[in-house]
Structures are given as structure tokens and as C-alpha cells.
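Several structures are given next for inspection.
Note that chain A is present in both complexes that follow, paired respectively with chain B and with chain C.
Moving on, here comes the complex of A and B:
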């Protein structure tokens, strides 16, 4: 089996290398794409959408259908993950809860139902595979997370002018939540942002994207033509497209951030959202 | 980018790709895959595709490694083949 895989891989690689020889040279201005397609975008995009970053203008305006369904795909991935491995509340795996008394380090094991009991006092709930918390790790993460989130918002808001945009911003924001879950525990994350809020955010992102496109129909324009904002907000055409790109990227960022965090929570806790890594 | 550095990155890229497939420890494979993604990101940037490089750095080297680790912690760390 191993040799067969190796042969198949070698053959595929040979075919790919052979096919790569037929590509136009890198950066060749006389290549077919450079002659017809690129010129249109390079000449028109700033006047159409007032967006100096061609990639953002192309992704979120000229090809917004493509990006819309990419967002839907990310949303569907989170949904699929949820439906496959999210354990039902009745079938929660952990039926025994562990509490650590902070001053003495004494660990109590209590048998309870699945909804988390709220204990007052100086007891803290811990995971069954609990490792002592590292103060350095927690402090450094707490210091880093605000800057990560601020950078994510910058990437989102500055996507018109610099590399980045909704997708990258959403990933960085989601990564900050994953860092919180890894450095503390999953319970800290769910205390900050509830599971239901995450699901609502993911759905809201897709709705925002599709809604912006659908409102164009209401104004009598084509689907995903951001020009309807000229009527609604009284701005010029390119400005409307620029605003449309920003709103659409916001939708992408919301969906990607919420979906990635949901997937991580589900995978790391075997679907119970109670005990993470 | 300087030609020699570019060649070194390409070489490391191939080493990482082969090693990620060969190594028995899945945790090591996930880390090597993250390194592969980061080198790939450098290649995208050197080709001028900054947006693609940015996405590769965040998704490939960042979040997907975390997802791999989560999956490995909840399954097994050794491959069967």
C-alpha cells in the first residue's frame, strides 16, 4: 500500500510539473490574464470602489458572490461540527465535578447533574485532567489578547488600504479566543462569550452579508450591487461601494471568528463544551 | 527576496513536507505542518501575494495547528500505519 501511494504521488507530481511548464512566466505582462483581465481591474477598481487594495476590491465587490459562498462554507463547517460532535445536554459525559479549595489545594469530587452548579466561596471548578495553572502563561496571555483583538479590528478596518480584510481579521479575533481557552480553560472562554452568543454571531455574519446584497434588490438593482447605498445614505457611487465592502467584510469577520471558536471548543472538549484541553 | 534565501526556504519547505508525512508522532507532524505553512507564507510574500501570505500565516500556521492539537489530545498521538 505504501509503495502504491508513493507511485501515485510521484506520477501526480510529474504531471503537475509537466503542466507547470505550460504556464506563462511569472509576472509576464503578455500573459492572457495580464492582457485582458488584470488591466480591467487595475484601471477601474479605484474609480469604481475607491479601494486602493485591488485584492479587497476584487474579493468583496467584483466577485462578492464567490466570497459570499465562502462565508457560507465556513458557517456550514461550524454547523456540521456542531451537529456531528456536540453531545446532548442529557448525555453529558462528565457526571462528576471536581472542585479545588484554593488556599489548601484540597480537591472535592461531587456527583452532580449536567448543568454547572455555582459554588460560592473560594472553591474553583477544575477539569478532571487538571494541571496546575501557570501564572506566567496566564499573565502573558491576558496581556496579549487585547492587542490581538485590537490588531484584528485594525486589519478589518484597514482592509481597503493594506493587506488583510474580513477573513484574516476574523481568524485573528478567533485565535485570541482560542488563546484564552488554551491558557486558562474552556470555562473561562464560555464565561466571557456564551455558546449561544457565538452561534448567533456566526449566523449574524452570514445574514449581514446576504442582507446587504438583498437590499439592492429592494432598491431595484442587481443582487450584490452596493450602489443602493447612494439612495439610502446619499453618498456618491464609489463611496457607496467602499462602504458596502466594509460592511460585507464585517459580516465575513463575524462568521469566521465565531465559527473557528465554535469548532475549537467542540473539538477540544469532545462536544461537551465543559472540559477543554 | 535574495535568491539564496529563497532557495533555502524552498528546500526547507520540501524537508518539512516530507518529514510531516514520515514522522510517527502526530504532535510532531502537526508542528512540522505549522512550520510548512509558515515557510509557504514566506514564499507567497516573496511572490508578491501579500494577502494570500497573510491568510496562510493566520489560518495555516496559527489556527489549524491549534485545531490539530485539540484533535490529537482527544484521540491518539501515535499513527497506526
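Moving on, here comes the complex of A and C:
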């Protein structure tokens, strides 16, 4: 199996290097991109999509097919991570659970029992490598997380005018969840957003992106032509493209945020999502 | 006048960052390095960002002042997050049993240097 993987990797690398030879030289003014494509984008993008940020217009409108599969790649990364290291819930890998009695500091250790007992009273479930909760860290992160998430939404919504967009917004939003898990513990994160919800959000992002593109087919246009919104919502062409860019970026942000958080949860807890870091 | 003040703040920020970098390179162990990094980098970015905000708002028009306000938001964020991160690092170091560097009275001279993790 390893030999097969090695052969496949070497072949792919060889093909990639061979293909890279056919690229135009670095900064070649006579390359196709430099001759007419860039000029077309620069001259037309504002009239076509009413988006002052040229990068956003190119990424999410002219080259939205490319960006769609970039989103799928992120989704597949999370999916692969899930299939490789997520342990079956029935297996109950950690198998040792610690409960700490808050007033006395006494720690109960349970060595079996997959349906975790809900201990009443002032017991809290703790990690096996327990560190006392740091008040400073918890307070500061609880104050910072809402602003991080607000900033992520700002980056998403302001992508038409300034650097930003779906990928960046998704990363910032995912980082806020990771900050929650690092400053409290992993269970706090899974209590707030269930694992299942995260997976559904990741899939919903890709579906939103593909759905926006596929609805154009239903309106008799080409795939990923946001012009169908002129028919559906009664807006002008550039406005429809602008709205299409925003919706598509929303899909990207959902997928990136959920995939990033899922990968973090799986890797930090060795696939059990019980405790970690 | 405003430009002179901004320039002074920028120079102050540059000096603080420089001193922080020298401290990171010269100090003997993790805790003392974090001491210089945590304090001087926070104050340095504080001075740099304040200088940029002052420089940006010198025209006193609304868009420029709004950009200044955004820079001030970054400033608040950095001055909260940076000390907290330093605290978390020192806390983790102490909990994992990393001894602080000390010049022992019996054998004068620097103790063996500990590498940064």
C-alpha cells in the first residue's frame, strides 16, 4: 500500500512538473493573461458586477467555477479527516472518565460505562490532564469571541469593497470557535455547537454555492451565471451579480468555518471528541 | 505639528520593538524572554498603531477619521490579547514544570540555557 502511494505521488509530481514547463514565463507580457484577459476584467468588472474590489469580482463571478471546487476541496479535507481518524462513538475510546467534586477537589474516576452518567450535585467532568480553569483566559476569550465573530461577518459582507470575502471570514469565525475550545475545553465547544450541526453547516455551504449556480440552469442560463436573479428578484444585471457574489461567499464562509473547526476537534482529541488540548 | 507627534510615536514604537527583539535574543530563559516580548511588543504596537491613527486623522475628514477609529479598534484588541497570551504561555510553562532561570549562590555564573520550546 505504501509503495503504491509512493508511486502515485511520484507520478503526480512528475506530471505537475511537466505541466509547469508549459506555463508562460514569469511576468511575460505576451502571455494570454497579460494580453487581453486582465484588461477585460479591469475594464468590465464594475459594470458587470458592481463590485469595486476587482479580486472579489474575479474570484466569485468570472472564475466562480474554480472557486466552487476550492470550496469542495476544503469540504473534502474535513470529510477525509473525519473518515480517517474519527473513532466510532460506540467504541468509547477514552474509556476513563474523571469527575471532580468542586467543593472538595475530590476526583472520581470511572473506568467503564459508555452512556456517561450524569452526576448530580457539584460534579464537573474534567480532562485526564486537568488544569484548573484560568479565570483570566476564560474572561478575556469570552469578551473577545463575540467581536471576532462580528468581525468575521464584517469581512464577509465587506468583501465587495475591501480585502476579504468568504475564505477569510470563515477562517476568522472558525478561529473564534477554536479559541473557545482552547480557553475552556473541548466539551464547551461541543455543548455550544454540536458535532452534527458543524457537519451539516459544512455541507450546507457547498450546497448553497452549487445551488446558486444550478438555479441558473433552471432559468435557462449557463451554470454559475448569476443573471437568473434578474428574473427571480426583479433587479438589474449588475445588482444580481453583486448579490450572487455575496451569497456564494456566504457558502464559502460556512464551509470553511465548519471544516476548520471539525478538523481542529478531530485532530486535537485524536478522533474521540471527548477531551483534548 | 500633528505629523511631528505621529513621527515621535512611530519612532517610539520602533524603539520599543527593537528593545523587545534584543531582549528576546539576549535573555536567558523562557520567562524572562516572555517578559520582554509581552511588555515591549504590546507597548510597541500600541505606540505604532497610535502613531498611524494620528497620522491618518490629520486631514480631519470623516472617512479618514473612520479609518483612524478602525486602527484604534485594532489597538484595543492587541492590548487585551497580547498580555493574555503571555500570561497563558507563562502559566503553561510553570504547570509543565519548567524551572525559572536563577543564578544560584553556590555556583555563580549563568545556569545552562534552556531552549525555547
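Here is the rule we use: the second predicted complex is superposed on the first by the 238 of 277 C-alpha atoms of A that agree within 3 Å, B and C clash if a C-alpha of one lies under 4 Å from a C-alpha of the other, contacts with A are read in each partner's own complex, and residues count from 1 in each chain.
We adopt the following convention: contacts are C-beta pairs under 8 Å (C-beta built on N, C-alpha and C of every residue); 3 or more make two chains touch, one makes a residue touch a chain.
The structure displayed is predicted, hence computed values, not measured ones.
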Practice item. For A:175, select first, second, both or neither according to whether it touches chain B, chain C, the two together, or no partner. Key: first
**Study point:** First (chain B), second (chain C), both or neither touched by A:167
**Key:** first
Exercise for review: Kindly classify A:140 by the partners it touches after superposition: chain B alone (first), chain C alone (second), both, or neither?
Suggested key: second
Exercise for review: Using the superposition described at the top, determine whether chain B or chain C touches more residues of chain A.
Suggested key: B
Exercise for review: Please indicate which partner A:72 is in contact with in the superposed arrangement: first for chain B, second for chain C, both, or neither.
Suggested key: neither
**Study point:** Contacts of A:264 with chain B and chain C, given as first, second, both or neither
**Key:** first
Revision key, fill the gap. Note: overlapping chain A surface for chain B and chain C spans none
Point to revise | Complex interface listing, chain A residues touching chain C | key: 131, 134, 136-137, 140-141, 143-144, 147
**Study point:** Contacting residues of chain B [partner chain A, same complex]
**Key:** 47, 50-51, 53-55, 58-59, 62-63, 66-67, 69-71, 73-74, 81
**Study point:** Footprint of chain B on chain A - complex, ascending
**Key:** 2, 26, 53, 55-56, 163-165, 167-168, 171-172, 174-175, 178, 182, 260, 263-264, 267-268, 270, 277
Point to revise | chain A partner contacts - residues on chain C that touch it in the complex | key: 77, 80-81, 84, 87-88, 91, 95
